[in-house]
Each structure stands twice: as structure tokens, then as C-alpha cells.
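Lettered A, B and C in written order, each chain numbered from 1.
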Amino acid sequence: MENPGSHLARMRETAPLVHNITNFVAMNVMANVLLAVGASPAMVHAREEVGEFAGLAQALSVNIGTADPDWGAAMEDAASVMNANARPWVFDPVGVGATRFRQDLSRRLLALRPTVVRGNASEILALAGLSGKARGVDAGDSVEAAMEAAQALARETGGVVAVSGPEDYVTDGARGYRIANGHPLMARVTVMGCSLNGVIAAYCVGAGPLEATAAALASYGLAGEVAARAAGGPGSFQPAFLDALAAQTPEALDAGARVRVASEGAQVSVASEGARTSVT
Amino acid sequence: MENPGSHLARMRETAPLVHNITNFVAMNVMANVLLAVGASPAMVHAREEVGEFAGLAQALSVNIGTADPDWGAAMEDAASVMNANARPWVFDPVGVGATRFRQDLSRRLLALRPTVVRGNASEILALAGLSGKARGVDAGDSVEAAMEAAQALARETGGVVAVSGPEDYVTDGARGYRIANGHPLMARVTVMGCSLNGVIAAYCVGAGPLEATAAALASYGLAGEVAARAAGGPGSFQPAFLDALAAQTPEALDAGARVRVASEGAQVSVASEGARTSVT
Amino acid sequence: MENPGSHLARMRETAPLVHNITNFVAMNVMANVLLAVGASPAMVHAREEVGEFAGLAQALSVNIGTADPDWGAAMEDAASVMNANARPWVFDPVGVGATRFRQDLSRRLLALRPTVVRGNASEILALAGLSGKARGVDAGDSVEAAMEAAQALARETGGVVAVSGPEDYVTDGARGYRIANGHPLMARVTVMGCSLNGVIAAYCVGAGPLEATAAALASYGLAGEVAARAAGGPGSFQPAFLDALAAQTPEALDAGARVRVASEGAQVSVASEGARTSVT
């Protein structure tokens, strides 16, 4: 892919207003993550204003982590505005496998064709399963097990699907990337994935979503690597992570990104890939 | 009591899914606390899914800090599922003395017989007063002043009641423990008590609730002591506390826990206890 | 103005119970900020109890950042109780320029005559514009551009209006102060302004709101300066800020406050003020 640092530089220059309808656990961290990377966050959910506000935003992220019917309807309102304005939006199907409510809401959001869907492997498998295109939910699925489902889902929505894990995967249904940046401490801190959605949305403003998403994933994971070196545990990791996001330069991202073109198709032999290659 | 470190080891091995319906202030910290100790947190409240989700969880905590009627009903739904499945749940009656709404909701939750009730002395006194079993609310009550009310409350619910304070008290109405771990900085940081509820719930999975609660209180307070040594104030205390929770070993908990058997009865002579004894 | 440290000392001695109806992003940080300065925070919003609880509080802050109609009505309920009890309350019109919903709610809250209105320059201009007293909203307005609107707004409400920015401005419509404390990192962290509202409310208990607000702004900005010296970015700034608030003494506030009497009137020549003068 093209230089990921150029995506960071462009996003910072744009400083996009990102509208987020996310869960209560994530709101504060997500706002701070977006400020740290150089975007402008807003959290707005009331149906009385959510569509009007979405009309002002350059990108949107929606997350069903603590949704209820009113918040779900607000997500649909805002996503429809983004679609009408041809602006990017990101959908995070948190825990979609757990309840019928989440499945119904996810089905409605998926029908609005998100620019990017991002989740963990189990969520992507569950989401693909909603359309009868892939198998059911397994807790603790591997990224590799979800690659085929991600491709099918991307072809269905016409957008991009990202699977978070030890090595992330992002695909538009035809092409794909693996992103090897990140650190195990990121899984010991809550809402790291939720907050990433806003970053992806910011990167997608004025850019092709496949490469923009890959660049966002690399930037985020790289900041996690930097923060982990300074951290004594999941607590001290958090301020260090925001510091690392804010201090990251395009040059550092180019130097540290570990992105490679993914082999597509049903039979992906990850074990044979050998050492990870930085493809920047 | 038995070795508190064994409770920590068992909880980490189980890594229980803890369902929390808590207040907006606590959600993020509580999720991070549960991740740090080694449990798996989830925040779910919508009535459309709360019962279904509770069926997946191994333990539940409910907290009325920012409740409204819908959230209160969700708490009742989820608690009923835990009861039907014989799984533990913890009830925190935040500010129950302040308003009639909190008293009514607390009365309904109490009638569902929580496995553990945890609050500060004033809350436990107020809660016991709802049943006409003890005196009214005094702001700034001491733990010692609430011991009799805690015992009465425990006998009424058939569960365990924990009173947080400089030296915690936990009782099942017949037996009890005092836990002397902790640090004054913990009272200068918000939602320390709220987040503890989830830890207690996690410890109660597959264990007797009296000893499990005492072990959870000792572990939490000990992490606070460790964090306070590294902290320059209530801000730097918070990341240090999460680091300390994550780093705590069963051996360190056994060595640092300060738990003693409490003398029961109306006349508890705390002053005569002399130096605190580690009873592990 | 009088010694700002005396305001801090009085507030800490009072340790006022501050009732906050704020946005979801701010709740945790705001509670920790209020604990750090020495006040007692409570977050209560349900209509079933909000008026009853407001009757117990010594001050109130309301913030429309993530409001919906129910929360807005709760703000009106609580503000009416404060007015009936002659207790101070602070109104933060977050993003009032963005949507009609925010304008309608802000108009209703303004009609209740808040003790203090605090916002950034664009918000104060938008708010003044709701009454037809000043020009419309410009994104990124300077504090200086909003001074006339702030004065008009203060005369309309009979209260105090504070404009946050590189150099804050606070006025009661006749007299005013500029407060030069602060640090650019404060704009890279979310809810710094929201959390300040509670501090202002706490300072206003038992004090004239103009000087109390100026003292609160100086204290808050000074803590930001101290924290920035210890911070490596917006992440590490946050714990350092809480530590600095908690450690600040009245003497340190007197020594570090940079408050000067503002020239009033339509033509304020800020450039000619020369070096900032500490007026303590």
C-alpha cells in the first residue's frame, strides 16, 4: 500500500469533525484518542438532533456496545445522513453474537452499507452469519478463521471490513492487508477497539477506505507498541498510549508500520508467510 | 479465613464473565478494573436484551448511582435471571438515603435477595432502615456504627453484607470479618467502591460469598496500598492502581492481606482489638 | 480582585455538595476533578429524583453536551430548585450553535437565569445571538470577539458570564476580569471545560459569583500549568492535572494567579495591555 504516514498527515491537516454514537464505556477515551490523533470528536445521540448534527460532520462512527432502541434509531438516522452526503461511516457490531437485540440492530445497520465494519473475529463471523453467508459465532475465534467471512461481508456491503486481532486483517472483498502492529496490553484495556473506530472514520475522510483503514490500524497499533515500552501495566499504558498517538509523526508511522498484502481466497496459509514484512 | 490468594487464583482461572449494570461515572473504570484483575466485564442495560445477556453471565453487579426507572427495571430483570440460575449478584445502594426513588428501587432489589450487598456505612444503615430493622441515616457514619445493621440486613436477605470504610466489615449475619487493607487516597478518587462491586461478583463465582467477599476486599485494598506508594496524588493513583491489581499475585495477596475474624454482637469493642493481625 | 487563594481555602472548608447534570463524556473526570479540589460531587439526572436531590445540594452545574429531552427537563427541574433555594448554578451551553435542539434547550435554561454561564467564545456568541443581542456563530471565535456578547448576556441574565480561551474573560455585565492562567495542552484533552463548571459552582457557594468564578478559572488554569510541566503529552497530562489540583495551596494560587481587571466596553484593546500582570 501507499505510504501510511501520508494518511496520517492528510488526516491531521483535515482535522475532521467525527460524529460518534458509541457506548458509555468508550466515550471519554474515544474523545481523547481522537483529540490525540488530531481529529475533532463530538458525541451526539438524541434523535431530536442527531441527523442535523450528522449533516455537519465529516465522518461518523456507530457502536452498539450499550445501545437501546432509541440509540439504535439514532444510529440509523445519522448513518442515513452520511450516506446521503457520501461521507464515510464506521460500524462496530460489539457483542453482536450475544443477543437478538444486537442481531436485529446490526442487520438494520448493515443494510445501510457502512463504509467500514470493524470488529473482532467472533463479531465478524456472527455478523456474516446474520446474512447466511458464513458460519455461526465461536468465542475466541482467530482472525484467520474470520477472513473468508470478512471478504463475503465486504462484498455484500460494498465496503471495507476490518478484523482486529493479534494480526489485523482488512479487506474490500477483493484486496486485503494484514497489519501486524499492536501489543498484548491493548487487550487488557477496555474500549481500545471502540476508540479505534473513530480513528478509522477520521482517516477515511477524503481517502479510499481500504488503504485508509490499513493506515489507521497501523498507526494505532504502533502507538500501542510505543506505549507498552513505557508502561508498567494496563493502567500506566493508557496515558502513555494517548501520548504516543499525539507524538506520532508520519515519518515514524512509515518506519514502524508493519502492513503486508494479504493473500486472498478461502485457503489462506498464514503459517507459511514467514517473518512479517513491513510493506509501507 | 482460608488463604485469600487461593480466591484470586481461582477467579483468574475462571476469568468469569461479569455483567454490570452500573452508573455512568463508573463504567470505564469498572471495566478496566475487571480486566486488570483477570475477569471479563460487560456493560449491558437495555431491557430488550438485559435478561438474555444475564443468562450468559457468570455473575452480575447492579448499582443505582445514576439509575432511572428503565435502568432500575433492567436491574430487576437481570437479578431475577441470576437467581433463577443460582448465580451470584452484588447490589450497591449508592446514595440510598438521598431520595425516595432510590429507596423504592433499593427495596425492590433487596427483595430479590442479593448474594452480596456492599455500601458505605451510611448506605447500609439507610438500607437496613428501609426494613424497619435499624436506625436512620447519618452522614459520615462509621463502619462500627453500621455493623449491627449489616448483620440484620444479612439475616434478612440470607446473603452477605459488606460495609466499606477505613476498616471494612463483611458479615453473613452470623460470622464476619474485618479487612484493614486500603489507603486514604482511595476516598479521593471516584467510583473506587462502584468498581469493587464487579470484583466481588467475580470472586463469588464458585465460592462461598462470605470468604470470597473478604478476599476481594483484601485484594482491592492491598492494590490501593501498593498504588499509593507510587502515586503523587489522586490522579497518578489511578493508573498505578490498575497496574497493581494486574500485577498482584496470590502469594502477594496472602502476604499482604489484613483480615481478622470480627467479634459479632451489638457491643463490638473495636478499640480493644490492639494491633491489626493478618489472618490469612 | 481579592486574594484568589482565600476563595480556594473557603471552598475547601465548605466542601460543598455539587450536583452535576453533565454529559456522558465528562462524568468521571468531572467527579475526580471535584474530589481533587476538595468538593463533594454527585451525578443525578432522573426526573423522578432530580428535584429532590437538588434540594440537598449546595450548588449545581448543568451541561447540554449529550442532553436529550428528558435530561433537559431534569436540568430545568434542578435549576428551578436552586433558584428557589437561592443557591448558585452554572450553565454550559456545549455546542449550542450546532442544532435547533440545543438552541431551544439553552433558551429555556437561560430564562431560568443561571448564576454563571461558561462556554467558549463561539458558544457565548451563539447564546447571546439567541436573544437577538449579538451576532451569529463563527467557529473558532476569539475570546476578544465574544466580550461584548458576554457583557450583554450577563446583563440579560443578571448573572456572570465566563468565556474560556487562551486568556479567559469573566464579566457580570459591568465589571470584568481576564485570567491568563492555563496551558495549550488543556485544549488537547476532552471535558476540561465541562469539568471546570463544577469547580466554578463549588467556588460560588457563599461567595460573590464574579470573583469566585475568576478565582476558579485561575486555580484551574494554574493547575494546568503545573501539570503541563510534568506531562509528556495529553495522556500523562490528565493524572498530573488531578494531582496538581489536589496539591494546590491557597498560597500557591495567590502566587501563581494571573488575573487582571478587564477594560470594559465595545472597544477593548487587548494588544495594548502589554505584559500580563498578576493582580491577586
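In this section, contacts are C-beta pairs under 8 Å (C-beta built on N, C-alpha and C of every residue); 3 or more make two chains touch, one makes a residue touch a chain.
The shown structure was predicted, so the numbers you read here are calculated from the model rather than taken from an experiment.
Asker: How far, in degrees, do you have to turn chain B to put its CA atoms on top of chain C, rounded to the nearest 5?
Answerer: The C-alpha superposition of chain B onto chain C needs 120 degrees.
Asker: Counting residue numbers used by both copies over all numbers at the interface, does the chain A-chain C contact come out same (over half shared) or different (under half)?
Answerer: Both copies touch with mostly different residues.
Asker: Approximately how many whole Å separate the CA-defined centres of chain A and chain C?
Answerer: Between these chains, centre-to-centre, one finds 35 Å.
Asker: Please list all residues of chain A that touch 2 or more other chains.
Answerer: Expected reply: 24, 28, 238-239.
Asker: Could you please specify the touching residues of chain B with respect to chain A in the complex?
Answerer: Interface residues on chain B, with respect to chain A: 24, 27-28, 31-32, 35-36, 41-49, 52-53, 56, 238-244, 246-247.
Asker: Give every residue of chain B touching chain C within the complex, in rising order.
Answerer: Contact set of chain B toward chain C: 23-26, 28-29, 65-69, 95, 98-102, 188-191, 231-239.
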